[in-house]
Structure formats: structure tokens, C-alpha cells
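We call the chains A, B and C, going by the order they appear; numbering starts again at 1 in every chain.
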Amino acid sequence: MGTRLGDLVERFGGQLVGDPDLEVQGIAPLDGAGASHISFLSNSKLRALAAQSGAAALIVSPLDDATVATTYAGARIVTTNPYAYFARVAQYFVALEEVVPPPGIHPSAVVHETARIAPTAHIGPNVTIEEGAAIDAGVRIDAGCFVGREAEIGADTHLFANVTFHARCRIGKRGILHSGAVIGTDGFGFARENGVYIKIPQTGRVLLGDDVDVGANTTIDRGALDDTIIEDGVKLDNQIQIGHNCRIGANTAMAGCVGVAGSAKIGKNCTFGGAAMVLGHLEIADNVHISSGSMVSRSVLEPGQYTGFYPLAKNAEWEKSAAIVRNLSSLREKMRSLEKQIKQLTEPSEQK
Amino acid sequence: MGTRLGDLVERFGGQLVGDPDLEVQGIAPLDGAGASHISFLSNSKLRALAAQSGAAALIVSPLDDATVATTYAGARIVTTNPYAYFARVAQYFVALEEVVPPPGIHPSAVVHETARIAPTAHIGPNVTIEEGAAIDAGVRIDAGCFVGREAEIGADTHLFANVTFHARCRIGKRGILHSGAVIGTDGFGFARENGVYIKIPQTGRVLLGDDVDVGANTTIDRGALDDTIIEDGVKLDNQIQIGHNCRIGANTAMAGCVGVAGSAKIGKNCTFGGAAMVLGHLEIADNVHISSGSMVSRSVLEPGQYTGFYPLAKNAEWEKSAAIVRNLSSLREKMRSLEKQIKQLTEPSEQK
Amino acid sequence: MGTRLGDLVERFGGQLVGDPDLEVQGIAPLDGAGASHISFLSNSKLRALAAQSGAAALIVSPLDDATVATTYAGARIVTTNPYAYFARVAQYFVALEEVVPPPGIHPSAVVHETARIAPTAHIGPNVTIEEGAAIDAGVRIDAGCFVGREAEIGADTHLFANVTFHARCRIGKRGILHSGAVIGTDGFGFARENGVYIKIPQTGRVLLGDDVDVGANTTIDRGALDDTIIEDGVKLDNQIQIGHNCRIGANTAMAGCVGVAGSAKIGKNCTFGGAAMVLGHLEIADNVHISSGSMVSRSVLEPGQYTGFYPLAKNAEWEKSAAIVRNLSSLREKMRSLEKQIKQLTEPSEQK
């Protein structure tokens, strides 16, 4: 009932050292794997652990394979990126056991007659789909989701339960929207007159590319006039807020609780640690990495790692340092006064 | 099929310079506007752009009009606040095209027989409305919303899909609650005994005034005994948390991800940048402006702009500065020691 | 129609000084209580207020009772923890008036035929419960909730409207999940290959113990392979994010907007102020208290209070201090240079 190593290699590549007819039934970490498992060595520091692993087979890099070959008796699949290979094999085994809901529209779902639902799509219980929405092949929309008027959901995209996807927004193929995510809510735009806010209509859309993941309770605002753009391969964790008219470049990843204010333009291949914040209208170049908890208050045009958070300390120590931080300019004044005094002390002695 | 400039002026005020029978069909930015558009000049720096605009008409301030009159050939509506005028005209054009759902209760909605639903209200699919709730004229409640027992929704208020509005809470007229917002969840109140938390019942309500906007996935807790109060005209962006028994003064605006802990009292006409945090039981005066990412750990009783976040730097530089911040008190000690030494060096020389 | 003081003491303990047949109908604060109320003195500073209280009876500590006995004429219940006693009495009075929905499954709910629903459980309108889920006695699941395949909800647990509880996750007894909470969403795990993220399947669960409260719009990720664990008595406020494979120790409490990155292990009896953030893979000991707005970027192995946020100041002052923080290393360099100069000035004079 397992999968042949030969079949894995045929499907995912890599060079097999060992019996192609050997079968494995799942993937497990080095120290948890048994004779029915394949495991993986993604970090050279774990070579010793690999030697002792009970796994039937190991996924290893060419670099590690030289050592592993001498210490580990099982089969090996040699590949340049064992961690990515692990991810694909794990996806494969999960898919074997996954309970996939059948195509079709649950009777309790409310689907407007003008909505186009692909025959292979699954529409779960208590879902609402408005007029003119388009749901492509293989899409899965779980219970309680809302898909607004003329919205478009690309092939094989998965909306977990209780996602809200507003009118005219679009997501490409193979996307994942986790529960509670809200796509296409109004941006926060107002004119102020006599102390009162007057709402500026938000008529843009949110356009998400292919292979985009959006975490639970993450919110992405529609653009004011133009669109908010999330490019291909962007991965957003939970509880993230993306303001109107932002653009997030391909394959950028953001950890939980990040906030991006309106009209910020973020490059490709960036990473943002948890709770990082980006002010509005800033530009962030490609390959910029922002540490957790950092406030980005100016554009960052050079790649690199950037950080800005107050270091943690015992409360009593923080009290001291924070009090000094509050008066840093007086500390600097004293410094300058000392410099002057020393200069006076030094100069006359030189004149003697 | 357009709207006469004369009709706009009759509706929204301002002084028309040009043909009242000229028709426009929409509003567009200066550089995107064509012969069927009206545009607006809200920033004097853009006067040059206005001169070149292809718009049929411009909304301008009296100050800018003097210049614009000499450089721009189209019609003008002169008004003291062109940006607010733009907002109103944009609302007008959006309303012309908006698909408004018809009054009535969708058959899939579950509405308790004792709930009072105005005939002009729209109750969407899969909505639940509990006993004794009151839904006023022109209210729109989109798919999947929940309105608890004896809650009250004022006239023309709009609940977007998947809003949760708990028992006995109230919102006034013309409010907007965006998707995923949760109004009236229990406050976070516990007594601690023998290391275990004992829940304190939260029996207050949330009372929201007129013209209040609440962003997507924003949460507002009900009061413990007294009520949580959100006054007229307050605008809350997405993912904001308001703790129990807070009061937020009229026309205060908060950007995304702000947090306000319980019992904080915030004045009128304040603004809070994204991810600003306010500790519990504090008082913030009227007209206080808190910058993004700032932690408000003490009451702020004087109007003005306040800030408190660690400045962003390249990671290597931050490592250096953070290490010094951690030891600022030793830096100050050294400074004091230097002061003393210099005093000794200086004083004897004066005694000579 | 009230409750006898004697009955309260029988139910909740404490020593009654006064007439056991005296009836009270509710609990109120010292200054709001009248002849039909019982009140409580949880803070010795309020003794003067207690003396003037119109309450029929007071809950007091033995320490305060000596004073209160001489100044206050009503009945007293003497108990070591008046605040906890208040919480229990308040729960009691609230329960008397609470509208409890009847047991049974609302006709609009979609419950899979293989799900086990206890006869005393309440399943509200528009709820979805998938195959194999188990709902224990006294559970209350309000409108719009989703409970995934093989999930387990322990006795007397309450899911407020619009909660999402994913497949195979478990919660124990007497839990409260507030609206918009999402339990068991996928963790944020990816392998990166050629600049593209490959999803690592998240096959662990979320296991919540007994007496766990989860706030509105809080999200807890399922583990990657192992489970995410929330121990007994943990209290989480709104808008909190808990990453995959975290463990949170018993009776730890977190205020709103806290974020905990993946694989962090947090001890028992800890408290986290609002918007505190914990990086991934860290360890936090028992009895650690983290102040609001603090970034925990290293493990904290010693109990105590820890803080790390930039102090708030008027914006102009912050501009100054932040500019100096940015250049703290140059300030330190100057300091060192001054030290050297002073040493040179001092040493020769000693050699004379």
C-alpha cells in the first residue's frame, strides 16, 4: 500500500541510490522515522542524527551524501534542495489521505443564477455567491464563505471556511485563502471638512496573482481608484493588514500581524518578520528583509536586513534606559560641554 | 446620460464658472481626466498639472482659482474645500452605478419572529437575526451576518458580509461595519484566585453613534458593567482592538492595527497612526495625534503630535545601537565620572 | 424574588456577619449599589467609599473587615479574596437572567450524519458541522460557526457566532471561543527553491485544554507535524496570533493583539501585555510577565517583569532622541575619546 522510491524519483526528480522497488508509506523527521518512512537531512549539522535514523530512505544533498553514504545503511535520494524535496513528498503523502469534498454545490449554498461555477468546483454549505461571479475548475469554497458580485476565483484555489471575498476582486490559480480572511474591503480614505470625515468611495479592486496564500483573518483593502496588487507567489501569514493601493512584489513573504499602510510599494523576494509595520506611500526595493517588530518609516531602496525595535530588558533596567532615552539630547549637550571644556584644558597647555 | 454641472452645484454648493448645461459622467484625477470628466485640484502644488488637464471641469479653491483661471480653459467649480467636494461628487457618481440589493429578507436568512425589520431594510442570505433585534429603515445587512438579541441597527447603516453584532449593542445612522468586524464580544476581565482565572461577567454594551465606520476584522468589546462608547463620526480602520469600557470621542480616526486597552478615554478629533497602542485606564485629550507604531503608556493631556518608536536601521547598525541602549545607564555613569574628573581638573586651575 | 445571603454563603463560602434571610437581587459597585444590591471591597483604599455605600451587604476581606465593621451598618460576607467572590456572585446573578438557547439543532444548520451531537447541546442557525465531529453535553454553538471533520468540542464549551474550528482540533470543557476566532488554520511553513515558496503540509492539530478562553478574531495555527498545545486555564484576548507548534502553559494570560511566532514554548502563569510579540523557537519560563508593546527576541528563562518599548514623547522631542539613537555608536566613540584625553590630562599631572 506504500509508494515505491522509484515512483517518487520519477515524480519529483533526484538521484536514487538504492532499491527503486522499496516502498515507503509516509515522511517523518530523522528521529521519528521508522522502516516505513522516508526522511530528510536539510541541515548538515544533523548528519550524526541521520546516521542513526531508522528511516527506510533519506533525502540528502550531494554535499551531505558523501558523509551519509558511509554512516547510513538505507536508500538515499540525492537532490540539491532536500527541504523543498521534503515539502513536495509531504504534499504527495498528505494528498493520498486527504478527504476531498466532491464537486458540486451544497443545497444550502445561495448561488446567484448568473454566477459561473465550474462543474469540478466544490461549493460548501451556507456559502453565498453573488451575481456574475466566476468560479474556475477545481476551486474549493468551504462553508460560510462569501464571494461578491463579479469576483473571480482561479482554478484550484481553495477558500477555507468563512472567507469573505468582495465584489470584482480576482485571485489566480492555486491560491489559498484561510478562514476569516477579508479580501476587498473598502480602503480607509476620507476628506475632512469642518472636523467631520467624508468618505471617499473606494472603487478599485484587489488583484491577487497565482500561488498566493493569505492567512487567517488577514485583510486586504481594495484600491481607491486604481487596484491593490498582490503578485504571484506572495505568502501572507495570519492577521496581516494591507492598505489600499499597495503593491506587493512576487514571492514576498510576510509573517503574522504585519501591517502595510496605503499605497506602499513593496518589491519582490522581500521578507517581513512578525508585526513589522510599513507606513503609507513608501517604496521598498526587491530583496529587502525587515526584522520582526520593526517600524518602517522611510523608503528602503537598498537590499539588506533592516531592524528597529527596542531591546527587551528586565523592567527595572528598562525603566532606567528609557528614562535616559527620553533625555538623550541633554546627555548629548553634556557631552558637548565636556568636549569644549577639555578643548580649553588641552589647547592652552599646547600654547605654553 | 451625464450630470449637468448646474445640477452638481445645486446639489453640493460652490460657485460655477462656466456653462451649467455642460454634462460630465464621472470624476477622475487631473492627469487621467478626459472630456467627460470633472476633476479636482486639492493641492496647490498641482496647479501646473491642472493647466494641462483634459477634464471638462475642475473643482478648485478660491486661492487656486486665480491662477487656474488664467491657465485652464474648462469650467470651474470654486469651493473652499475641493477635496471634500470631490468626495461628495465621487459618492454621487458611485451611487448612480451601484447595485443596491432590493428591500426584503432573503429566504435563507433566519430572522426571529420578534425582531423588527423595517420594510426598506435588506437582509441578505444566511444572515441570523435574534429575538427582539431592531433593524431600521434603509439598513443593509449582507450575507452571513449575525445580529444578536435586542441589538439595534440605525437607519441606513450597512453591515458588509460576515459581521458579528452581539446582543443589546447599538449603532446609529449611516454607519458602516466592514466584513469580519465583531461588535460586543466579552471584555477581558478576570479575578485571579489560587493561580486560576475566574471570569467576570461582561454585562455592558457597545454603543456606537451616528456616522461611525468600523473596519474589517476590527473588534470592540462590550463593557463590564457600564458601556463601551464610540461617539459620532468615529472612523476605525481594519484589525483594530478596542477594550471594554473605552470611550472614543467624536470624529476621532484610527488607522489599521491600533489597539486600545480597557477603560481608556480618548478625546475628540484625535488621530492614531497604524499599530499605535494605548494602555488601559489612560486619558487622551481632544486633538491628540499619535504617530504609527507608538506605545502610549501614560495619559496625554495636552493636544499635539506624539511619537515613540525605535528608528529603523540596517541590521548591523541596529545591533550596535541596541547594545548601547541596553547599557545606557553605564554610558551615563561614565559621563558623570568624566564630569567629575574635569571639574577637578578645572577648579584647581581656577584657584591658582 | 431575590437571593438570600445565607444561600450565597452556602454556595460560595465565606463568613456571613448579618441576617441570612436578607435578600439581594444583584451585585453593584460600592458607589452604585442600593438596598437591593450586594457590593464588594476589593481594594483597601476604597474603605471610605465602603462606609458610605448604600448596599445591603458587602463582600470584604478579613483585613478590611475590622475597619468596615465599625463604619458600615449593613451585612458583610468575609472572605479572603473578595474580588474572586464578586466574580462568582456576578456569574450567579447573570446566569439567573441569561437567555439560554434550547438544546437541539436548528433546522438551518448543516450537520453531517456521522457527527455526534450530545442531546443537551445547542447548534444554532447556519452552523456547519462536518463528518465525525463530536459535540459534548451542554455545548453551545452559535450561528454561523464551522466545526471541521473529526473536531472535538468538550462539555459546556461555548462557541459564539462565526467561530471557525478546523478539522481534528480539540477543546476541553468549559471553554469559550469568541466570534471570529479561527482555530487550526495551517501554520506558515514553506521551503524555498529557486526563489519560490513550496508549501509544507501542516498536519498537526490544535489541542486546547479545559477552561480555555479565546478572544474574538484570535487565530491559532495547527502544528506542522506535532500539535500546537494550549494548556488548561489559558486566557487569550482578542486579535492574538499563535503560530504553529507553540505550547502555552496553564493559566497564562495574554492581552489583545499579542503575537507568538511558531514553536515558541511559553510557561505557566505568565502574562503578556497587549501587542507584545514573541519570536519563534524561544522559550519563556513560568511566571514571566511581559509588558505591553514589548518585543521578546530572546528566550526568557528567569521569572520577572520584562519590558522593551520606545518611550512616547512629543514628536519634536522624539525626533531629537531618535536621531541620537541612530548615532549612538558615534556618541560612544566621542565618549571614549574624551576618556582618553582626560586620562592624558590627569596622568602627567600625577607624574609631576
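Definition applied: a contact is a pair of C-beta atoms (placed from the backbone, for glycine too) under 8 Å apart; a residue touches a chain by one contact, two chains touch by 3 or more.
Note that the structure is a prediction, hence the values are computed from the model and not measured.
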> Same residues or different residues: which describes how chain A and chain C meet, taking over half shared numbers as same?
Replying inline: different
> Any idea what the CA-fit rotation angle from chain A to chain B is, to the nearest 5 degrees?
Replying inline: 120
>> Based only on mean CA positions, could you tell me how far chain A sits from chain C in angstrom?
In response: 27
> So which bits of chain B are touching at least two other chains?
Replying inline: 108, 126, 144, 162, 180, 217, 239, 257, 275, 309-311, 313, 325, 331, 335, 338, 342, 345
>> Touching residues of chain C toward chain B in the complex: what are they?
In response: 28-29, 32, 81, 83-84, 86-88, 90-91, 94, 99, 106, 108, 124-126, 142-144, 160-162, 176, 178-180, 211, 213, 215-217, 233, 235, 237-239, 251, 253, 255-257, 269, 273-275, 292-293, 309-315, 318-319, 322-323, 325-329, 331-332, 335, 338-339, 342, 345-346
> Which bits of chain C are touching chain A when the two form their complex?
Replying inline: 108, 110, 126, 128, 131, 144, 146, 148-149, 162, 164, 166, 180, 182, 185-186, 188, 190-193, 195-201, 203, 217, 219, 221, 225, 239, 241, 243, 257, 259, 261, 275, 277, 279, 290-291, 294-298, 300, 304-311, 313, 317, 320-321, 324-325, 331, 334-335, 338, 341-342, 345
